[in-house]
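Got a structure for you, written out below as structure tokens; questions coming shortly.
Chain IDs A, B and C follow the sequence of writing; residue 1 opens each chain.
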Amino acid sequence: MAEITRDDVAHLAQLARIEMSPEELDKMAGELAHIVDAVKSVSEAAGPDVPATSHPIALSNVFREDTVGHVLTPEEALSGAPDAEDDRFKVPAILDEE
Amino acid sequence: MNELITSTAAQLAEKLSAKEVSSEEVAQAHLDRIGEVDGGERGVHAFLHVNSEEALAVAREVDAIRAAGGDDAAALHPLAGVPIAIKDLIVTVGQPTTAGSRILEGWMSPYDATVIKKIRAAKLPILGKTNLDEFAMGSSTEHSAFGPTRNPWDLDRIPGGSGGGSAAAVAAFEAPLALGTDTGGSIRQPGAVTGTVGVKPTYGAVSRYGAIAMASSLDQIGPVSRSVLDAALLQELIGGHDPFDSTSLTDPFDTLVAAARNGSVEGLRIGVVKELGGEGYQAGVEARFRDAVELLRGAGAQVVEVSCPNFKYALGAYYLIMPSEVSSNLAKFDGVRYGLRVLPKDGPLTIERVMGATRAAGFGDEAKRRIILGTYALSAGYYDAYYGSAQKVRTLIQRDFDAAFAQADVLISPTAPTTAFKLGEKLDDPLAMYLNDVATIPANLAGVPGLSLPGGLADEDGLPVGIQLLAPAREDARLYRVGAALESLLEAQWGGPLLAKAPVLGGVK
Amino acid sequence: MSDATLSFDEAMEQFDPVLGFEVHVELNTKTKMFSSAPNAFGDDPNTNVNEVDLGMPGVLPVVNKAAVESSIKIGLALNCEIAESCRFARKNYFYPDTPKNFQTSQYDEPIAHNGWIDIELEDGEVFRVEIERAHMEEDAGKLTHLGGATGRIQGADYSLVDYNRAGVPLVEIVTKPIVGAGRRAPELARAYVAAIREIVKNLGVSDARMERGNVRCDANVSLMPKGATKFGIRSETKNVNSLRSVEHAVRFEIQRHAAVLAAGEKVTQETRHWHEDTRTTTSGRPKSDADDYRYFPEPDLVPIHASREWVESLRAQLPEPPAERRKRLKAAWGYSDPEFRDVVNAGVMDSIEETISAGASAAAARKWWMGEIVGRAKVADVDPAELGVSAAAIVELNGLVEGGKLNNKMAGQVLDGVIAGEGTPTQVMEARGLVLVSDDGPLLEAIDAALAAQPDVAEKIRGGKTQAVGAIVGGVMKATRGQADAGRVKELILERLGVEA
């Protein structure tokens, strides 16, 4: 079975900004290992000569002309904001120092 | 049941333009039906929000235009006045959009999705927003933060997912039409298990602008209906090039309705995909599938077997690509600009911790599972083995399709391996849940269009079975031509639509 | 806590510095990189945003063609290869100024790579800096930190976010490691950033105003023992946003690294913050995400195929490179090295070029700009070109002096009038009554009066001490309020006193 530890999941949860309890981390580590086992044959399916497909239908050079379109009013922009001040989005401190 | 709610969209459109009924009556009949069967302990619970006032206002507007006659009446879209339900993954001004998640509960979009703009322009009254697995992640609609939707065929069973709300609404005659989104089968699999029609168009045939992204390279908006013709009418309305979506195709998709009106399979080569059957497929599903193939053969189609050997990697590739894109697409839900904000219970109040607490409280288990899986698949040291390899599998699957379509004009398979299972049955087994999409996923990986239509009832449980048709990219019309033919062959056998056999819900009239 | 440093000389005795720069250039397109909201500076918060810039649910990006063309032009001006095919990627990290919590950028397939520019230092020495890549990306919003004592992120209680800048097109220019600059490293750092700023400004693709953040520099510094070839561990000083700071930051980091290494310790690979007030850097908190951005190809955007025809048509639009232009102009104008350097440093090369094409001689143009206008601009604290003196006005003014209508002092007053918006030089001259008195009649009167007022001086001159004539000239000039031709006055005095000049 794939080796996925609680610490691995804790790191992933930190990268993904999802707070998890130790119990959740343990449960997730087990589930993740199972899923990874189920999907890992994918890594042996294609040789190095097979190109990757990131778009199902290949298009290129889709551009927009540099012409000003619509904007939201600050009221619309901030209408869903959990917290705001002076027409700006308000967030708690970024650093926890000092 | 009231004929206004059992009619197809095409039938309603005719009655409306002939002024046999008013749009207001039609909208009201559907709102009444929603009131009758959707709520309560054992309700279908297809809707998260019902938009009565606006729907009726639009209906009255259509009636007024028709009554006035002249150019404006002549210019009305054929579906003007035919009500529609919208999967709550698609943003709408004036109604909340939740994506089935606590993290967006109560959020009001300041803009309309492109498909909604088209629907408003065509004046289809929007009945409301339908339930779904949170952020479209699931195959049963049980992962909705607002409770599951029930299958109108058996209220203890799942309606499929993620678009279980849209499929159930249409199956329960709460709406003649609905919009769904299909990332790995979320239109087609609910269609299969509810006895309705669902189409995933060619990737890029319908604008994704305003569909809350789950997996950008797989997502596609499509029609949910009770007939192949209705689906064609709706896809033609919502499709077409959109400059707001860089992956939107410029090809015209304007022959779909004509194709659906001229169903035929005479001389067509139909490919049975060897890998989409056998182990894991319910006996009753396979039996109905074989019947359908025989019907097509009897109608003059040439049936060939095709092999798509790399389809065995499709589920694995899907469960790497999809969660990877999910992990990035769902990062924006962080409690800063909109939606839920939850403060950490203790410790220092920093934005990092607020984001962590918000996402912990706002996302359900399945969303978290996929975000963590995707974060893992993209992280340093794993990318090549997982995400990179999965993208290569995509190439192999496209090559399989190319080879298969060299032998066959259309491919055919069961839509889902089983009929509707019991609510709760697979909730604790993610891998078992994921297997529901095994037959639908290859189309998303390759970008080709897929249509699911009712194929009858499984002998062992009397529940609907779905038949899936697949066509080459951009050949959506071919699906409608074959789908309409198969539908009429089947309905001739049944003596009417399959849904006529569904149990009667609500108060019997 | 301040870090130990070695003196720069000590550092240079023991170590060779290796530099590297990531310069972000904001493009001056009308709209943003991926949305049609305006790209504008200084407007009220959250007024230049639409749903795309706010990362609202359901939105999708669409690439601004003008931004791509500007990026290709930058690549060409940096002698880069323009990729036949390139694509965007997502750089995933959470930060409240980043609306989607990923930055749409380019990763494995930048639009331009493998270039170089020659950087000329003040004494004319030329360093070739090799360019690794130039890629397209989007800017983040602006955070204002409040509640703390300093307005800095440290100690703030909360922050406010304005997303007007979110989505503004950026080109990030990344150098290859720069080896061999030795003690000139700080100077080279400054000159490199100055050169990039000049190039993008000259291309017209950026306003290039560093004080507005149009050009922002991250400076990488590492040291290796003298003679070594293996690079040391580097630090990256973020957001050094003036030319002066770039030079000081590189110098400080060299001295700091030297102290660490001289003490036998290891340099920490980290991000450093630059502090303009103390001219020092401090350790940035190691960002936990920084090691793993989980890049992957942006699925909402499609690749860009830059056809050779497109690239060549853009190349044909490129203006003359600044360095070549300077070389050409210096030769054409015949200025000495120091003369030309002063002109460049004073920022009046363009103005002089205009003045010359308006009809002035190279010498006259330099005389007016360097001798008169630059000083006035300094007093007014604006760029010389912003004083509002047109090339035509200078040509006219110069003509008035050369034609004997004005002397230099009066010309200065006329120039003041032109700057004050009083009209053309001739109009100012007339309005202010500044007329050079060259009619001998009134001058002789004034001379006689001056001689009478200073009989002792007159006597000296008669006695042959002609150098004393200056005192009389001064008296005459005073009496005529400066409106006399000093040369003619001197002639007339000597004539009057019967002395040979």
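We take it that a contact is a pair of C-beta atoms (placed from the backbone, for glycine too) under 8 Å apart; a residue touches a chain by one contact, two chains touch by 3 or more.
For clarity, every value in this text was computed on a predicted model and none was experimentally measured.
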Between the pairs A-B and A-C, the one where more C-beta pairs touch: A-B
Centre-most chain [mean C-alpha coordinates]: A
Approximate Å spacing (C-alpha centroids) for the pair chain B, chain C: 57
Inter-chain centre distance, chain A versus chain B - centres from mean C-alpha coordinates, in Å: 24
Separation of chain A from chain C, taking each centre as the mean of its C-alpha atoms, in whole Å: 40
Residues of chain C whose C-beta touches two or more other chains: 50-51, 54, 62-63, 94, 96, 101, 159, 161, 292, 294, 299, 301-302
Where chain A touches two or more other chains, by residue: 14-15, 17, 54-55, 59, 62, 64, 72, 77, 89, 91-95
Multi-chain contact sites of chain B, meaning residues that touch two or more partners: 107, 110, 217, 243, 246-247, 327, 331, 334, 336-338, 351-352, 355, 375, 379
Partner chain B, residues of chain C touching it in the complex: 50-51, 54-63, 90, 92, 94, 96, 99-102, 159, 161, 291-292, 294-296, 299-302
Partner chain B, residues of chain A touching it in the complex: 4, 8-9, 12-20, 28, 31-32, 34-36, 38-46, 50-57, 59, 62, 64, 72, 76-77, 79-83, 89, 91-96
Chain C - residues contacting chain A, complex: 29-31, 35-38, 44-51, 54, 62-68, 85, 87, 94, 96, 101, 143-145, 147-148, 153-163, 285, 288-289, 292, 294, 297, 299, 301-305
Chain A residues touching chain C - in the complex, by the definition given at the top: 14-15, 17, 54-55, 58-74, 77-78, 85-95, 97-98
Residues of chain B touching chain A in the complex: 107-108, 110, 202-204, 217-218, 243, 246-247, 249, 310, 313, 315-317, 319-320, 327, 331, 334-341, 344, 348-357, 359-360, 363, 368-369, 371-373, 375-376, 379, 385-386, 388-396, 398, 430-431, 434, 444-448, 473
